[in-house]
Each structure stands twice: as structure tokens, then as C-alpha cells.
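Okay, handing you the structure first.
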């Protein structure tokens, strides 16, 4: 539905992404933009599960981390070509999500939250503990991303790589949500019982959203690992999972562009407040609470509603 | 060999009692409002940290502990009034996120008001280990057990013997019906948060001499307390206690015999097993849903 | 031909028999109703037939195929659809999309088609929207085609559920208290709608308390009381059945015939 609005939004995204480098004065800003882009890729995927299908996952940093470590270990320790490692990581993450998703998604509400939380934490504990393979709490160095001999290095190159991936991801997500599958996902959120009766196999579609969002997180993780040049368990932990969910909720649930905006804002904001690093926890916590209490639909949909009401 | 088993048992029961107290806190709030308070662990942190700093400010231990509990109770009340109530009849997911946000917020405040270091509380009656049948038990552990038993009995008396307690149970069972008979469910919810906070603070003060305390211990202990609550059957008081003790003992033996590095993972494996295999927990009852 | 066949169907919850040993057959075509006092097990019966509950005993056959215990989502494909006593509208979507979800079993659900918007997807989506619009107009909701479901009044939402259920092109449509909460004028509109649906070839089975509606549209009436089938016959037969009267009106009125108020 609203194909025109989707196309406009996508065009706007392409325009912003193309023009943004003119406003980035130095490498530090590029870095923030790249990290925002990587987070946005995860959030667009996570939004399919949380915003559209109405489920919850407090463990998605686990998938992000698994993708990152898969790339790091396969390329570093076994000398695989980075593209193959990224692809393999994505497949592994997808397979894992498919296997654990079935029993997990049978749960609802806070039980589902706890199960995903538990899984995410188990993954982070395993990664932090198996230091012979993963480098433990100190992490691993990651080789640069190389395709056919050409090395992806430097902030500018990575910016375009991430931007391209993001645009493709957004386009695919928009297509998905404008299809019968997308409607089926949203109907599960509306009333799982009615959806089932209308022929929507809720378990299958929830799993689909879970696996797609997991794979996107894994791919983003691989990219983050190669871009930063190292990976630590910090990015696999509970707090990162909460950050991701916060971005989706803050930006707007059931809105692909909302998730994007949420990721962008909440990646850039802490950077802008570097002097106030000590307040990071406090601000994040207040933001989470405030958004859910006053703007439960998130920033973009709430603004859109205000805009519509203002015009009426 | 036997003394080793006994040792694990002692430490397991001690930490299990703490988990039980935290689990009771979860149960109290869940029973009065069907909310899972992810900030429960922060109450434990506040109890310990506040006592440390009040002690440092010169107050004698009993007063410091008392004020810490009072402070934490106020925090619990504020949480309910300022974060839960304004959310109204929000969805389950929304409430989960709100309490997670509160937990992060409280951690952020603790980090600013206090600091990020590890702190110790002096044990209540010294730290000379007591020898029992080849194993040792700390005097503080005995305090943990005694006070836990006392608190559990006090709660039991409150809920079965006082009108207010019974009103709370009624409100938990059927909110609308309770309102119709004149029970102020708002106040009951508020009270449940206050009680949970006090319980959490007590747990924090009890365990700080043994495990130390810091601004960020809340997350793990909250999650483990929740695991205990689910294990015993969410909503069941006795379940919380049984769940706590079982989890503590399993964790202790697991760390001792299987792998100490994965000690923390045990609680989460337990959560997953319970959620997948026995969602109602060990003592939870059954209920049918109406379509 | 027998469209729906229910044999010795039973369902209990923790020892309470909600439905006990119920057997009946619904021939294709026309409208059939299930009535009974509150707590008789009517909605439970619906829920078992539509796969939301598994029966503790008994069987359900749809057009000769055994559908006992089948998943609800599979039943839609077999031509079974229903509405709900307590509205189960997708409030997070516009009214039109609610109806479009009803046609899910006739949609292209391949992931590749969706992700890459393969050729035909746009055309199919437009066709689905047109069909949904047509259905909304058919049930009298033409004015709400552009509306959000959350903005619609109760009476309209009841009809939206019917439009949604019709979108799957069912052979058998189960309506759970379609007139509940409606005023007499609205109930008459539902009555006409039900007749219209039956004329289009869909077999309708409804649970209702509104006796006027039941007697007006039904070819056959089944009476449930405390989980058991009390009577199965035409509207007039059932009205005069002393057991039915006793169940509804109590023993003192056993000799009287059930009056039907306008």
C-alpha cells in the first residue's frame, strides 16, 4: 500500500545519503555516519519483528555479534575471503535463528522477552569465555575487507558501501511490507487469532521475520567488524540489544523510516554529547521510559500524526 | 567429598536465599499488576550502595541500613508513580521497555551519585567462618538465611492475616472485581512496588558483605531473581522461594562440578528450559484463556 | 450434500464439560443457527470446529474431509471462515487492509516475489485492493473504504469482520453473534446481509441470541444447553419443543411456546 509514499521516502533517502558527505567535515563525522548506517541496517530488520509483527527481541546483539565473530574468525584464523566469510556468517546466523526461533516464538509477552534476553546473554557469555577462539574479553583484530584483490579501506569507501547496503535493505523492507507477507505480519500484531483464522500461519511468519532480522543483524555485524578492524564482546551484550530496541521504538515502530531515523539519532546523539559520557546511561534510560510513556508509537509516526492533525 | 558437597550446598542456599528475596519482589509486583519489573535488580543495588555510602558518611550500621531501605522504598514509589502509572493501560511490551528503561536510568543515576567502584559492607557479626561437618559457613550467610526466613514469614502473615494484605491478593486476582468492592487498586499497586523495593534493598544489604556491591550489579541479580521466579512459577510466593533456593544450589553445584566460567550462564539456561518445557514453573497453577 | 459433519464432539476444560457429545450435520446452502442460553457452549463449539481448540473427543468433517484438530490457518484454505463474538479486528491497519488480509489464502506469499516486487505484484496488489473495496461495498461499508479500522463505529466493525471473512471466498461461513450489541435497525441490516450471503452460495452457520434474527433467516436451528445438543430442527419445530422452552424459560413455562419479539 501507499507505493507512492514508499518511493518518495526511498528517493529522499538516496538523496540524503548522496548529499551528506558534503556536510561531513572530517573522518570522525564519517565514522559516526557509518556506525549510524550499520545500526540502521540492523534496526530496519529488527523493526520487521518488533514494530510490524509485534514481537519482542532483547537479544539481537547476539546475532550481530555472531556475524561479526564469524567474519573475524573465518578471515583471520582460517584465511577465508571476506565475502565468503560474510555470506557464511549470514547463513549460520540465519540457520541458528531458524532453529531457536521455532520454540522461542511460541512464547508471548514477557516470556518471549526473557527467552530472547536469555539467549542473547548466553551468546555473549560464551563469546567472552571461549577466549582461545574468540579472544575473550579483549576481542579480536579483524582483517580489512577485500573483494577480488581490492581492499575496502578508509572512511569514505566504507561510507558508500554501508550507504548502498542500507538503501538496498530499506528497499527490500519496503517491498516486503507492501506485499501480502507484510500484511500478514501486521495482522499477527493486530490479532494473532484472527490472522490464523484468515489463513495466516502465524508461527511461520513470525519465524520469517525473526530469521530475516537476524540475518540482517549478522551481515551488519560482519561489516562492522571489518570496518572497525576489531571486535569485542561488548557489542554482543545485553546493553547493545537494548540500544537496538530503543532505536526502533524511539524512531517509530511499524515504520521502516522510523527505525532508520531512530538509529541515526541515537547513534549520533551520544557522540554529540561526548563530554556528557557519564550521563549516557541516564539519558538512555530516560529516553526509553519517556518514549514509551509519551510517544508509544515512536518519533516518526507521532510526528506524522501531529502533521496530519495540524493540516486537518 | 561429602564436605565439598556440603560446602556447595551452603553457598548455594545462601545465594539462593537472595535470589528468593528478589524473586519475591518480582512476584509481589506481578501479582498486583501483572507487570514484570525489570528494575527489580536495581533495588538490590541501591540497598547495598546506599548503605555503603551512608556508613561512610558516619551513620552507624543499623541506621544506615534502615535509611537505605527507606530510600529504596521511595525509589520504588517514584518508579510506580512516575513511570508505570503515566503509562496507563500500556501493552506488555511497552511496560517491559519502560521498566528496562527505569533500570538503566537508575544505574545511570547510581553511577553519577555514587561511583563505579566495587564496595564492601562490613559483615554484621564478623567474618570468622563457622565450621560445620567439614564445611565452613560465614556468619553473614546465617544472617542472610535468618533474615530471609523472617521476611518470608512476615510477608505470609501480612497477606493472610491483615486486611490490607488480603486486599492486595484480591486486587491481583481480579482487578475489576476488587475495585468494585472498594479496594483502591491504584494504592495496592503502589504498595506492591514499595514492598518490592524494600525487599530488594534488604537483599542487597544482606549480601553486600559477601559478594561486594557496585553500581552495575543490578542487572545480573535482577535477571537471576527473575529466573528463580519463573522456575518456581511466576505469581507464586512459595514458588519464588523454592525457585530461588533451587537456582542457587544448581548454580553452586554447576560452578563447582561443571564449569565455573559459565556460572552466570546457568541461570539463563534454566530460564530457557523452564520457558520451553515447563512454562508454569514448578509450583505455578493452570488457567484457561477465554477467546 | 453434507458440508459440515460433527460427530460426538466433546471439549472440556479442567474437568468442566463445555461441549459434550454433540453431533449434527449441516447441508450445503442456506442458513443454519445455533442457539442456547449463555454458557451453553456455542462459542466453544465454534472454536473447536475452527481449530482454535482441539476436541477432547469426536470428529469434524468438512465436505467429507477430516478436519478434526486441524490448524486454523489450514482451514481457511479448505473454505472455512468465521467472525468473532468479541471483535478481533486488526486495529493497527486501515479497514481496507483488514479485508485484504481475509484474502490471504488467495495471495502470492512467496518471499522472493515480495522482496523484489517481481512482475505482477503491483498489479495483483491493486486487484486485491479492488476486490476488498467491492466486498466492503457489498456489506454496506462503502463509506468507510478509506477509513482506519480504529476510527470506525462498533456496528460497522461487525460488518467489517464479515467482509474480511468473505474475502477468503469460503464455502462455510461461521458467524459468532453477528447482531450482538446492535440496535434493532442494525440487526435487520445484518439479517438482510446474511440472506444476501446465503443467496451467493455460501453456507452460513450462526450463533445468535437475537431470536427474531434467528427465526427470520434460519432454515434449521440447533439448540445447545449446558454443552449438549437439545434439539435440531426447523425454526417452528424448535420453538414448540418443550425441552427448549424449559431450558430458556424455566420449568414453570414448560407448556408455553416461545414467543418471538420484534
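As written, the chains take the letters A, B and C, and residue 1 is the first residue of each chain.
We adopt the following convention: a contact is a pair of C-beta atoms (placed from the backbone, for glycine too) under 8 Å apart; a residue touches a chain by one contact, two chains touch by 3 or more.
These numbers were taken from a predicted model, which means no experiment stands behind them.
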Chains in simultaneous contact with subunit B and subunit C: A
Most remote chain, CA-based centroid, reference being subunit B: C
Chain centroid nearest the full-protein CA centroid: A
CA centroid of subunit B to CA centroid of subunit C, Å: 48
Between subunit C and subunit A, distance of the C-alpha-averaged centres to the nearest whole Å: 41
Inter-chain centre distance, subunit A versus subunit B - centres from mean C-alpha coordinates, in Å: 32
Multi-partner residues of subunit C (at least 2 other chains): 52, 84
Multi-partner residues of subunit B (at least 2 other chains): 291
For subunit A, residues contacting two or more additional chains: 193
In the complex, subunit C residues that touch subunit A: 50-52, 71-73, 75-77, 81-82, 84, 88-94, 97, 100-102, 104-105, 107-109, 111, 113-117, 121-122, 125, 128-129, 164-165, 167-168
Residue ranges of subunit A in contact with subunit B within the complex: 50, 54, 56, 58, 103, 107-111, 113-115, 117-119, 121-122, 125-126, 129, 193, 238, 242, 245-246, 249, 278-290, 292-294, 296
Touch list for subunit B against partner subunit A, complex: 36, 83, 86-87, 90, 92-98, 100-109, 111-112, 219, 223, 226-227, 230, 261-262, 264-265, 268-269, 271-272, 275-276, 279, 291
In the complex, subunit A residues that touch subunit C: 1, 3, 172, 175-176, 178-184, 186-187, 189-191, 193-202, 208, 254
